[in-house]
Amino acid sequence: MDFENEFSISGDEMFQLIAELYPICRSITGDGVRKSLEIIKDYIPLTIYQEATGTVVFDWVIPKEWNIRDAYIKNSKEQKVVDFKKSNLHVINYSVPIHAEMSLNELKKHLFTLPDFPEWIPYLTSYYNENWGFCISQQEFERLKDDTYEVVIDSELIDGFLVYGELLIKGRTDEEVLFSTYICHPSLCNDNLSGVVLLTYLAMNLLNKDLKYSYRFLFIPETIGSITWLSKHEDTVKNIKYGLVATCVGDSGPSTYKKSREGNLQIDRIVEKVLNDFDEPFNIVDFFPTGSDERQFCSPGFNLPIGSLMRTPYALFPEYHTSADNLDFIQPQFLENSIKKYIQVVFIIENNATFLNKNPKCEPQLGKRGLYRKIGSQKTNILNENAILWVLNLSDGKNSLLDIAIRSKLKFLEIWNAAIELYKVGLLEKVN
Amino acid sequence: MDFENEFSISGDEMFQLIAELYPICRSITGDGVRKSLEIIKDYIPLTIYQEATGTVVFDWVIPKEWNIRDAYIKNSKEQKVVDFKKSNLHVINYSVPIHAEMSLNELKKHLFTLPDFPEWIPYLTSYYNENWGFCISQQEFERLKDDTYEVVIDSELIDGFLVYGELLIKGRTDEEVLFSTYICHPSLCNDNLSGVVLLTYLAMNLLNKDLKYSYRFLFIPETIGSITWLSKHEDTVKNIKYGLVATCVGDSGPSTYKKSREGNLQIDRIVEKVLNDFDEPFNIVDFFPTGSDERQFCSPGFNLPIGSLMRTPYALFPEYHTSADNLDFIQPQFLENSIKKYIQVVFIIENNATFLNKNPKCEPQLGKRGLYRKIGSQKTNILNENAILWVLNLSDGKNSLLDIAIRSKLKFLEIWNAAIELYKVGLLEKVN
Amino acid sequence: MDFENEFSISGDEMFQLIAELYPICRSITGDGVRKSLEIIKDYIPLTIYQEATGTVVFDWVIPKEWNIRDAYIKNSKEQKVVDFKKSNLHVINYSVPIHAEMSLNELKKHLFTLPDFPEWIPYLTSYYNENWGFCISQQEFERLKDDTYEVVIDSELIDGFLVYGELLIKGRTDEEVLFSTYICHPSLCNDNLSGVVLLTYLAMNLLNKDLKYSYRFLFIPETIGSITWLSKHEDTVKNIKYGLVATCVGDSGPSTYKKSREGNLQIDRIVEKVLNDFDEPFNIVDFFPTGSDERQFCSPGFNLPIGSLMRTPYALFPEYHTSADNLDFIQPQFLENSIKKYIQVVFIIENNATFLNKNPKCEPQLGKRGLYRKIGSQKTNILNENAILWVLNLSDGKNSLLDIAIRSKLKFLEIWNAAIELYKVGLLEKVN
């Protein structure tokens, strides 16, 4: 599979799709999710599933569907001092409807700000506790005067559906690679339109390719979405051999890999190798049980081989869950860099293999096969003799190309190229 | 067991008991040990055992009992230039009796000093080699003039007994925790009245508590005492599951844990976790075969799960085995800090357990059980959701609470509290 | 075996032998090798073997034998501008004969220099690709004027033999220690007359000693020599329990140990311990499949327990494979230091053993056996009580003296001496 060259990736295009999705008010249910999934469907043949309010999914129940048409706070001069139309973060996600007049003191019980970042609007939710509230900047808060305010949240909570998108790209085997991302956040870019768009472009590029593994892409609301999906796939998740949760992949920070719960699985070794091969700073962090949908995938009853490859992890950038996680916070170059790492992960998943050196006693004479420099002691870059010797030495039927690349500290691609050369001249045979 | 709060610990009281024991001249046998054990018996119901001189204990024989009434060196003007009554360190422990006149030159063969610390008196012993001598400061030594001296050591070596104290606090099981300390040193505080008093107060606090394990406390002369005790308990030591040798716990240095011979036992993991949880600097050192009674407990024929929790290890503080290891060298605050660590060790021994998450597939909905914040994304300190999620994620029947606390880097108490909360709402069940 | 004292080692003598071998033009075949082996035979009773051109050895064929009488380049004034007699590096090793006139431009295709080191002549070979060429300094190259040059290489490639030397010193068992070095390099000192002479002196000192292991010394041409030897000893190499490739042992750099392919074998632990015990800086590097004959010994079909103990590794000193690797680059003191480390490796191989503490329950009373200081608490250097206690504590039948020395961080010699003392008084018995 030569898909490194076949891939068509543009950080600018990815950024444009984020910009298109940005204004939509999403939540864990509702029309914003439907609209977002329809836009993604223009890129990849998503199947859209829905589960009804009240459905029991493990310990949870699918909540009512939430939709919101408008919301504002008006002062006694009929001026809108807070307006949902300017930012959908202004309303606590899943706020119940309200239409009332109240004093500033009464109103303040329902106002939330970020005093440390006086210009930013916080992002808050109240999915499972009926409540209402407005999120505003500290500056807006301080401008509010003693007055009587008209408070309107034109929302509804009705029996409806939880909606999510799924795409299965079938490979030659039933063994699966799961890529999951969450589509429930409103106007927030890094967290997590970046992950949504990265997986959209990754899937688009894997379509119609000759793949060994089957690739399943999930675009789900966080937590309740993964719980719902797992409750419907209890038996089939055993096919998942590798997986990643895509989130926060557009900011300028170094790549960060959060390991699987087991911590020493193939997916962990592959992602660490990819990050090493990129010759850029990166961080590896052990699994922890807060975070995104890996919380569910890696719950002890599933314990799937799934990590999360991001840039700056959620909650470690101050813009996280605020209006500052906007289109200025992400950049095309970082989106492009991130997807290239995902592609390289897929490349290793597809191409890792174990070979057997058919000439295991002493080195074979590489020179007569054109695989060695002609004049001894001269340095040469024509052939990567070093990679060739590593592959020959370690291909005893136990070490995979990934093992060899890790031990030799050479890039996976160098080791893989060397193996291909050796296989062509008959010095290697494939094991299983 | 809520014994953190039930414990009554006062560094000042501990210090007072040390001050009471300090003047007594102890050795590996003799009345000083008896008197010291009687004082301790006012605090805890020690049983006092004795073994007769000549008894064979493994490769050793219990020596004659040594007692001393007085000792001095007088010059020709009848002035006492060295006086045992001023410091019992002045006589080499186990010196045979002598009453003679001799020249300074003759006397000097029996005088020992510390030239590097000219004001300090060294502490020396000659248990198994009949000899006599005086230990004096270098300053005293240099003041001695050419003269004829009367030398008196009014001691006796007789067929008697080796005496030691033991207390077994029975728990609900026969599995034992051994705490051992040595009571053979004369007027020396950190080494080892600090250890003696720490175990006295620890035992006092465990009395009448509902304990899972049985706790055995030994107050023995070093080396010959542990050899004697082991020779009488060859078969029952198999019940010992954890143990610590208490020594040098009153100085200002950081806590130091000397691991068991195996180095990776539960006692080692527990003490390391306790030291981590205290958020103070500390040292962990591998087992080495010099030191105190762990030399015997960890001899290859026993290899017991016993380490030693101290502050500055013996021989690493210059005051060690000198008159400078006095009441000024230790402080109530350090004694109190040390015993709190011992208590925390007991707390983990008693409370560590393994649970099974009864809702292992995905997270349970914590909110409906009052275990989760109501508004998403808001930080809260009311509940330690982080600890709760760690316990749920790792309680797969294999990880103990200690394992979870170590992996999560949260304090054992936080993990234990979270487990209790989860157990109360029926989300955990106990394994075994 | 008390051979530390029996060894007669002189860095000056070793250096003299290198100086004697230095001028000879060696290659992987030819009279230079024969002459070198005959000189070594004056020191140790080498057996000299030969294999005919055309013999198939695994994937390789023994090449034609190469000899060279003379070579030069003359300018039109009959001046020799390059003269093989001045340095045998001037001719590419294995150059085919040529006698021709040519222009400077034509000649330049066959001239090789080191622009970064303008005074040095490079060392190049063309064993398996018929070719000819001259190696000269960049300075010489730049002095060449447009002219017609007479080019003479009076060499021959004939059906002959590959020649190598071997010495087996029989010990009490058939288990073998293999020491291998390569004798194919012409006038180059560190790489590898240093290795050749080190093994000559090591073998000389092991002759007529009472040895447990059998010691096999190989003086072979690199690569083709080890392949040839292995092809003739496929079945018997299983007797090899330890081995080292000796190369680059005369320069001023710190000792470097390149581990066996497995990386955690006894030979690896022994050499690391020896380097630690010398209290000098050193480096340990993992196995890599470039280098010297360990490439063949550690090919996956053999995977022998062989590492390489050198000083600065080949290719990491700029003088490597140039005329600057001359008699000035090595020094007697470094040769002597290197061979002492090899001797210490042999010492541990011969003397490592596992003992059982016959008094495993508590410490034995060392004092009554004269193995302990008489007055307690006094420091003493007369006996190494520390080593004695380590040996007693860890001699449970599982730990070897090497294990104990590594764990205690004491020198192997200290541990071995303590074991001898304890064995003499009957406190240890030998296992197996």
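In order of appearance the chains are A, B and C, and numbering begins at 1 in each one.
To be clear about the criterion, contacts are C-beta pairs under 8 Å (C-beta built on N, C-alpha and C of every residue); 3 or more make two chains touch, one makes a residue touch a chain.
As the structure is a prediction and not an experimental result, all values here were calculated from the model.
Using the contact threshold fixed earlier, the set of chains in contact with both chain B and chain C is A. Counting the residue numbers used at the interface between chain A and chain B, under half appear in both copies, so the two copies meet with largely different residues. As a whole-number value, the distance joining the C-alpha centres of chain A and chain B reads 54 Å. Among the residues of chain B, none is in touch with two or more other chains. Interface of chain A with chain C (complex): residues 357, 359-365, 367-368, 374-378, 385-386, 389-390, 392-396, 407-408. Across the interface of their complex, chain C is touched by residues 58-60, 92-93, 122-129, 131, 133, 223, 226-227, 230-231, 234, 261, 286, 288-290, 295-296, 298-303, 321 of chain B.
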